[in-house]
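Across the two complexes that follow, subunit A remains constant while its partner is subunit B and subsequently subunit C.
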Partner chain A sequence: MTKGRGVKIDDDSQAAGRGIRQSMSSLHTWAALLLGWILYAMFLTGTVSYFKDELSQWMRPELSRLSEIPDQAVVAQRIANELGNTVPGTTQWSIRLPDARNNSAYVFWRTSARNPGQRAFGEGNFDPATGQKVASRDTLGGEFFFRFHFQFHYMPVVWGRWLAGAAAMFMLVAIISGVITHKRIFVDFFTFRWGKRQRSWLDAHNALSVFGLPFHFMITYTGLVTLMALYMPWGENVAFKTPAERQQLTAELSAFIPVGKATGQKVPLASVEDMVRQAQERWGRDNVARVNAVLPGDAAARVAVTRGEAGRVSMSPQYMEFEGATGKLLAVRDHVGPAAETRGVFYALHLGRFSDAVTRWLYFLVSFTGTAMVGTGLVMWTVKRRKNLPEPDRPYFGFRLVERLNIASIAGLSVAMTAFLWGNRLLPPPLEGRADLEINLFFFVWALTLLHALVRPARSAWVEQLWMASVLLFLLPVLNALTTQRPLWHSLVEGDWIFVVMDLMCWTLALLHAVLAMRTARQRAGAPSRRKANRQAPITVASSERAG
Partner chain B sequence: MNAVLHRVRSTGPLISRIIAALFGGYALAALSSVAVLALPLSKPQAVLTGMLASFLIYAGAVIWVFAVRSALKAWAGLIIVAVALLPLAWSVS
Partner chain C sequence: MSHLLAFVLCLAGFAALAFAMHRQQREIIGRPLRSITTNVLRLGGACALLCALGVLVAWNGWSLGLVMFSGHTSLNAGIVYCTLLGYARMRE
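Our next item is the complex of A and B:
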């Protein structure tokens, strides 16, 4: 598999015949490289998505924070009334109630209009205090990174999800083959050497991988599980022939009530507040997640109130089903079959929504090491090959391609993601299609970083883009102070922790990017030492041979 | 002509393995996710078990394909497992 420009440091073992570790090493290198850039973007946007609710709050600064969680029963009733007035003909609506992490309710409804070309659903954020649509800037908020993480953008959702699935599958193979390659992986972990160029990239890559290995494996596999019905529909297709049969499966996966036949008899929805009150008694005051209604306003209406995510590591559906017209409790669903529960646990492990603040930060940090694992792996591909280039001044096309794509997909992504947040603060709120403009800005800046990486010498491009990200991140709290009513000093006094932490995170990440920029720049300045490193190469090759 | 032949001979097995890994591996995973329906489980549980296991089977198949000594052996392994699973998948469809 290592035809041509294979992994040159393993020349000896190649001569001695290709063992399993050698073929696994090649598999690891190529499987990871091929989709590495996509994986890096998935890892980084996925990592920040652990704080997507907080990010959404930051991106809607007009919406004041909730000093305490409002009574979910009251809020549910308020929004149900509002929906009865504003979308009376809907066949289905769903409210995600505000909780400790969300200061607004998210509502989704089917539109009655069946005209082709018209959207079949509407969505919006609602103010828990008034029950009305929030008057804040139009933005997708943290939801953008979350959706990009598994379906990308500018392409049909299904294509994006298949691409994400392919990337995840390559990742799974890369992890397994990576472990087989590094037989002495745990020894490697304790022999970390800083500042030895290629060797230290390899060590960093190994350390990041080993440190988070169980997590990386879990997160990759459970990522596939979240969309498994799309990727592996064959068993389902064989087992269930009719839509009615298929509902047996749907009931195991979500709190989905099939939309029955409308009777045409208008009966207003019974008290939603009472329904949520019963759910609160069962699961706790702040532990109701959603209220879903089908055929509201009809005699055949049904309402499901679902359990919150706190207190259990599973996303399997738990809900109470009510008759909409009378408010009578029809059923309590609190368990699913063993395979469905297993899937629910895997799903929950991936999303981490059950987490308290400490667990959430751990999720964030370990995911971050996963991002760094992919990033160091990508960089290593070029570092390994640079010293073996036949013409160091004019590298072959493939090398240059990987080198430039690395810059734009690693340093460039930091710039683009920060630009997205700048756009959120700078684009004027009344602008038409503002939410889309923020997203277009993100991709526009990302494309610019690629252009920049293509025209500048590689090392300069790295340094300049890392500094760019650092400066943008560093100034973001300043921009926030200038453009909103919630500057750092204010948030500190008010105990507005999301805004405080966001500002501090920006500075931490600015520092990280500055350190990376300075390290990269120093490597260039120390060009003579590169020749020295080359002379030492046989020794490092020998040691890497031993360590595998 | 000889050069082309040489090219095919040197890259053929690799391409064969890549196809075996990408498509053979997926086919095997899909087949196993159907064969699981033959287990004495309720239908929804069996379907979900098949889906959950399929990605590990896919990954295992890819590792197998690149771990063995020859492309021929890689294909042979996939086919032997597929032949074993076929009657099970057949019985439920």
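Our next item is the complex of A and C:
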């Protein structure tokens, strides 16, 4: 049969003349390596972001869970009143109402600060029951991983987004060149050769790529679409010149009404509750996402009430626009043009916010295989080259660099992310700038893992960091039980599923890291036969066929 | 409930497709199956997958249905693959 042929696929073949698959193989290897570490971090933090709302709930343990979703109309009015009292001069505020996944309302508002260096927006989480700012520990919650996955940290947001875009573009190149390289992608679909080191890495990498291929392609492409206006603004700039045209564009893309000119005439905001009621009649009781107001308290005030995302594979805004002073319904926007809708659908596919619980888990799991795909690809780079090292004990600089960066960016990231959650439980709540401290702790620990990877022998560094992640994950539910009122036994009795699943997930991931650590320790111990296993692959495959 | 049905259909579909491959037949059963059996497996597997798509689309429409289908197929291909892997490992 054709078994022998498959083995050559990803070898840097010495064959004369470079066919398209060889060139694609090199392209795949180097394009993926260059930004592979960033891609791995983007994939993993992006994966956990599918549960960012749940993670945020876990990270604010003082805020009790909602046994049922409160009436959004009442909550909206309550918070609007509170905002009228606390930030009376604001020109714009936006309330994300509590829903099935959020136990608090998230609000941001424009501050009057116009000095450079001061923040233009204030933000906070509000308690739906009281309408007041929650007295919970200061944390960014799951939002941190979400923001990090497309704009990173410690750098201007725009730079981060450009970097993420470049990484996504390389990912797209890697996916396409990978498919061309691996022409037997469907013939080899269910095939795995256990224990033949490079082959089994390659097979694992292939399998992880193939199962999720539609997803990986979709998520990378739609990721680029979410930020396309930043990456390619020229068409938009040419097409929309006047302020009125630009305003129209904004209305197609988001439910944020541009802040107009204030009249200076003070008129209190009409009943927000009534506005949300009308929206509830249209879209369902729990299906209102946001209430946005501009110039509240002025005669020119406008309010937009937007539809929720559940069950709707589109992020195109659907909203009802009201006159703020009278509460009169001005317009209902429930569809956009085909181009805007295309973007809306791609955007929604990326975020997956329309999902029910099962679909969300599917997103999470397949995205997780994507993370593993990038991870196995990075490790394979070193596995493939180690056998050809002239002096295995003293590898050249590039090899060591990749090897060490792999350790810190794969095993180290697990340690750092878990440390972030530990920080959430251990940093005392009254601390000034606590939310930033959590984030600094994340990067500090991550930097430590890099340092550790640089000073330790590679094998030990892998094993130690994987064990570290495993132990931290395993003990996190214990820490949670010691530091909050919501230990596992309590959550089980109360049916507090977010806390239950979080604890169970920690243990599952702890187990995964422990298995990886044990396998790494064992595999590297019996090293020398590695060289031959690969060359003899055709024979061993054939003999395993005979054995079968 | 529709999720469960789609899950089972995809699982069965991919299992049938796996057994319709010559290498898997040799490694698991020990001999190649007759070509008619192979074809039945192949057709049955494809039909099961299509049925799963049908169930999800009928339930939630094309947009959400296709997304869910994509998730179920990815997951179940992975499950079948890991099962085969575990089986091969146990026999060593």
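Note that the second predicted complex is superposed on the first by the 512 of 548 C-alpha atoms of A that agree within 3 Å, B and C clash if a C-alpha of one lies under 4 Å from a C-alpha of the other, contacts with A are read in each partner's own complex, and residues count from 1 in each chain.
What we mean here is this: a residue touches a chain if its C-beta (ideal position, glycine included) is under 8 Å from a C-beta of that chain, and two chains touch if they have at least 3 such contacts.
These numbers were taken from a predicted model, which means no experiment stands behind them.
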Who does A:S177 touch here: subunit B (first), subunit C (second), both, or neither?
first
For A:E236, decide between first (touching subunit B), second (touching subunit C), both and neither.
first
So in the superposed three-chain picture, is A:L27 touching just subunit B, just subunit C, both, or none of them (first/second/both/neither)?
first
Check whether A:V345 is in contact with subunit B, with subunit C, with both or with neither, and answer first, second, both or neither.
second
Is A:F354 in contact with subunit B, with subunit C, with both, or with neither (first, second, both, neither)?
second
Is A:L365 contacted by the first partner subunit B, the second partner subunit C, both or neither?
second
With the two complexes superposed on chain A, say which partner A:V313 touches: subunit B (first), subunit C (second), both, or neither.
second
Could you say whether A:L389 touches subunit B, subunit C, both of them, or neither, answering first, second, both or neither?
neither
After the superposition on A, what does A:P214 contact: first (subunit B), second (subunit C), both or neither?
second
Indicate the residue numbers of subunit A shared between its subunit B interface and its subunit C interface, in ascending order.
1, 3
Seen from subunit A, its contact residues with subunit C in the complex are 1, 3, 189-192, 194, 207, 210-212, 214-215, 218, 311, 313-314, 345, 349, 352, 354-355, 358-359, 362-363, 365-366, 369, 544-545, 548
For the complex, which residues does subunit C have touching subunit A?
3, 18, 21-24, 26-28, 30, 60, 63-64, 67-68, 70-72, 74-75, 77-78, 80-81, 84-85, 88-89, 92
Within their complex, subunit B touches subunit A through residues 10-11, 14, 17, 29-31, 33-34, 36-37, 41-52, 54-56, 58-59, 62-63, 66-67, 89, 92-93
What residues on subunit A touch subunit B, complex-wise?
1, 3, 20, 23-24, 26-27, 169, 172-173, 176-177, 180, 221, 224-225, 228-229, 231-232, 234-236, 238-240, 245, 248-249, 251-252, 337-340, 342-343, 346
